[in-house]
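Before anything else, here is the set of structures, which you'll find just below.
Next, two complexes with chain A in common: one pairs it with chain B, the other with chain C.
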Partner chain A sequence: MAFVSDGDDLFDSIIMADDRFRDEGYQEGFEEGTRQGTFEGRNHGLLHGAKLGAEVSFYYGFALAWKCLLQNSSDVKARKRLKAMESLIGVIQNFPYEDPQYEKLQEDMERVRAKFRQVCSLLNVATDFKEYVRGSTGMSF
Partner chain B sequence: MKGALELLQRVSAHADACCWYVAWNPAGTLLASCGGDRAIRIWGKEGDSWECKSVLADGHQRTVRKVAWSPCGKYLASASFDATTCIWKKTNDDFESLTVLEGHENEVKCVAWAPSGNLLATCSRDKSVWIWEVDEEDEYECVSVVNSHTQDVKHVVWHPTQELLASASYDNKVCIYKEEDDDWECRATLEGHESTVWSLAFDREGRRLASCSDDRTVKIWKESTPGDGESVRISKHLLCSTDESWKCVCTLSGFHGRAVYDVAWCRLTGALATACGDDGVRVFREDPTADPEQPVFFMSAHVPKAHGQDVNCVSWNPKEAGLLATCSDNGEFAIWKYSSDS
Partner chain C sequence: MSWVKSVASSENVFDEDVDDISLQNKEWKYNMEKRAKDGFRDGSDAGKEASLQAGFNMGYTEGATRMTIIGQLKGIMSAVRCWCQVQLPGSPALASVTNLLQRLETHEDELVEAMRKAQQRPPPSVTEMVDDMENLNVENRNQGGESRCSDNGDCCGRDGANNDCCGNVRGVSEDSPRTLCQGSFCTAESLKQLLKCCLDLITELGLPEELKLHIQQLTHT
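Let's turn to the complex of A and B:
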């Protein structure tokens, strides 16, 4: 609250009441909004991070399992597949899990997904692990 | 260099459906067409007219969007909305289905063979570009999946001499890809079009790339290689680490009334042909007196109602100069003779 001087403080506090209450109200609202925002943001980050983490770890587990299966094979084709698998593992291991503000996050995620699709194609494994159905009944040109 | 397009023949190729694409074989003796009726038809000349030699009807469950001949002419690849790419082998007079490439999540929009014959590229509405390698036993293997576009990828085309790939997308951009450590990645993104880029074509040497778009323009892009003044200036300013940068050196605007769906650059004459949504076919020639860094193209021939509906594709015969094939939404294709007084 502004320093109240003797003399015109009585009229001052009446005339400026509107502004003062508006300022107080704004301040309260801003603080409340910040609290709510932090709360929502944390939840959003938790959910989104969990989804992303689940996706990446799925690919990781998949790659490690196949690596085990292919490791002992002397077949030429298996070597090629093993190489691709190791490449996928490499991309995942270089993924910075700790940093949510990593600027190349989207780009790297796309790279991981693309590598996964390529590996599945080499293994002849269908990639409909997720249960969603991508309908393509619309028009296409 | 005023020119003219003379209609030689009009053929109703795909009954009650769109004819989406036509492609000449490398020898220039056969024309493959594909369409909304899920079939591919091979046409050959008998006397003075083009007749249907084969029908490949059971390869796909949905529209066949594009077909491409291998550089040796013995194989045909077809890209379909059923999310698969079929490889056909030519045996005497017929074609048999060799293999089906699966993997794309939805409609495959384009397939293209690299000039070496060992690589194949496909692109799809799933926003990805796939590069496949074929070995001596006709086995196809996916070498790379690249997700550089943010929307439907409409077209892929290989460079005529280098192992370089270009793609065009609904996201208004063109991407250039090169191989790095056994993996293909996007090396350059060409921005400038204001809407979907429908198709691409390299010139004979591969120094320039033509792109056509829904924004009714055709853009010519040129690669500036290190060593020439242009790119040195650019690299100093942007501190870019890439060896090459593509910039737009020419924009053809005001010629097309609607979206430009296809562009083809003749390897024999250097003429540029376009297929437009206003039903017209146009041929552009380059002004030989213009500065190579700032090429000028002018319209040499124009047939306003080449077809009754949208023209989807335009293709120059690789052996016979001036012979042009076009096809349309009304299911027909047409053969034209382009001539100019130069």
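Let's turn to the complex of A and C:
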């Protein structure tokens, strides 16, 4: 190792102290920031997930119930409605809506909504549901 | 940051007048504190940015799962209401269904409101958060909207009165420090009641057995 003068040692220790203070501050800040970010992110996520989850679950329950109600009917209209219900149920069952990283989240959501509108028009109940679907979840179509 | 002092008073200080030294010490201290504050600010920004998305993803799944039961129940009873409007127009049965549906909506609103309120509370300490997350993991594995609270009766001070199925639904009380847990407990109890009311109404209307099974499945989710 080359000879280092006392003067060089002094400047080195000043610079090192500088970095040390900054680094320690950074560490503490990073921990605090992580806590805040996780908290805020989680709360935003909760609301978003709740809105979507409530909407999809609503459509699912609706279709399931109608399937039961129409099951034993023999007329053509009822069979057509039953088919639409089964289609909606199928789409929802294959929709991983609770996965925020699902790449087709928006796309599949639109598809589910479209199928639900179709179902409603077949049942002639479109108007009734706006109030139920809108509500606190703030959705409308 | 007690080591500020120790660095400032290390032997790497010029051997000069006491006054000069104390001024230099103060200047040194001020500068080092500034470095630390700058570092803190940068670190805080970085930490926040790094954790927002992960936090969001975690919350999203939790939120979606929380609404599954009430959402499905609302959908089922909406369908039943439609059916009643056609088959039993103007009947007391239709009125009962409509009334039950409104209670389901209120319950759903309470759940969402609890989540909104969570945004306004200050971030919990690390220990609190870890505890909460552990509780939530257990809850998600077991049942959808059920209680996460271990001390059953005491959590929201209920005395267990009024177990009547179609009696009043208690509102969410805000007194407990662990409000998130408590809110879930209060609404979880009324969710059980709501499920039972739906089941009773479906039976009364003589609707298909399969429909009852679906509701019973929700009860055991």
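Heads up, the rule we're going with is that the second predicted complex is superposed on the first by the 104 of 141 C-alpha atoms of A that agree within 3 Å, B and C clash if a C-alpha of one lies under 4 Å from a C-alpha of the other, contacts with A are read in each partner's own complex, and residues count from 1 in each chain.
To be clear about the criterion, contacts are C-beta pairs under 8 Å (C-beta built on N, C-alpha and C of every residue); 3 or more make two chains touch, one makes a residue touch a chain.
The structure displayed is predicted, hence computed values, not measured ones.
Asks: Could you tell me if A:E28 is touching chain B, chain C, both of them or neither one (first, second, both, neither)?
Replies: The second partner, chain C, only.
Asks: Pick one for A:Y102: touches chain B only (first), chain C only (second), both, or neither.
Replies: neither
Asks: Of the partners chain B and chain C, which touch A:S87 in the superposed model: first, second, both, neither?
Replies: It touches chain B, and chain C stays clear.
Asks: After lining up the shared chain so the two structures overlap, which partner does A:F62 touch, if you call chain B first and chain C second: first, second, both or neither?
Replies: second
Asks: Any idea whether chain B or chain C touches more of chain A?
Replies: With both complexes superposed on chain A, more residues of chain A are touched by C.
Asks: So, does A:L122 touch the first partner chain B, the second partner chain C, both, or neither?
Replies: First partner only, chain B.
Asks: Based on the superposed arrangement, let me know which partner A:R113 touches: chain B (first), chain C (second), both, or neither?
Replies: After superposition on chain A, A:R113 lies in contact with chain B alone.
Asks: Using the superposition on A, tell me which residues of chain A are in contact with chain B and, in the other complex, with chain C.
Replies: Correct list for chain A: 136.
Asks: Which of the residues in chain A end up touching chain B in this complex?
Replies: Answer in residue numbers: 80, 87, 110-111, 113-115, 117-118, 120-122, 127, 134, 136, 140.
Asks: Which chain B residues qualify as touching chain A in the complex?
Replies: Going through chain B, the ones touching chain A are 63, 81, 83, 102-103, 105-107, 125, 128, 130, 141-147, 182-183.
Asks: How about chain A: which of its residues touch chain C in the complex?
Replies: Contact set of chain A toward chain C: 9-10, 13-14, 17-18, 21-66, 68-69, 71-72, 97-101, 123, 125, 128-129, 132, 135-137.
Asks: Which part of chain C faces chain A closely enough to touch in the complex?
Replies: 1, 4, 7, 12, 31-33, 35-83, 101, 105, 108-109, 111-113, 115-116, 118-119, 123-124, 126, 129, 207-208, 210-211, 214
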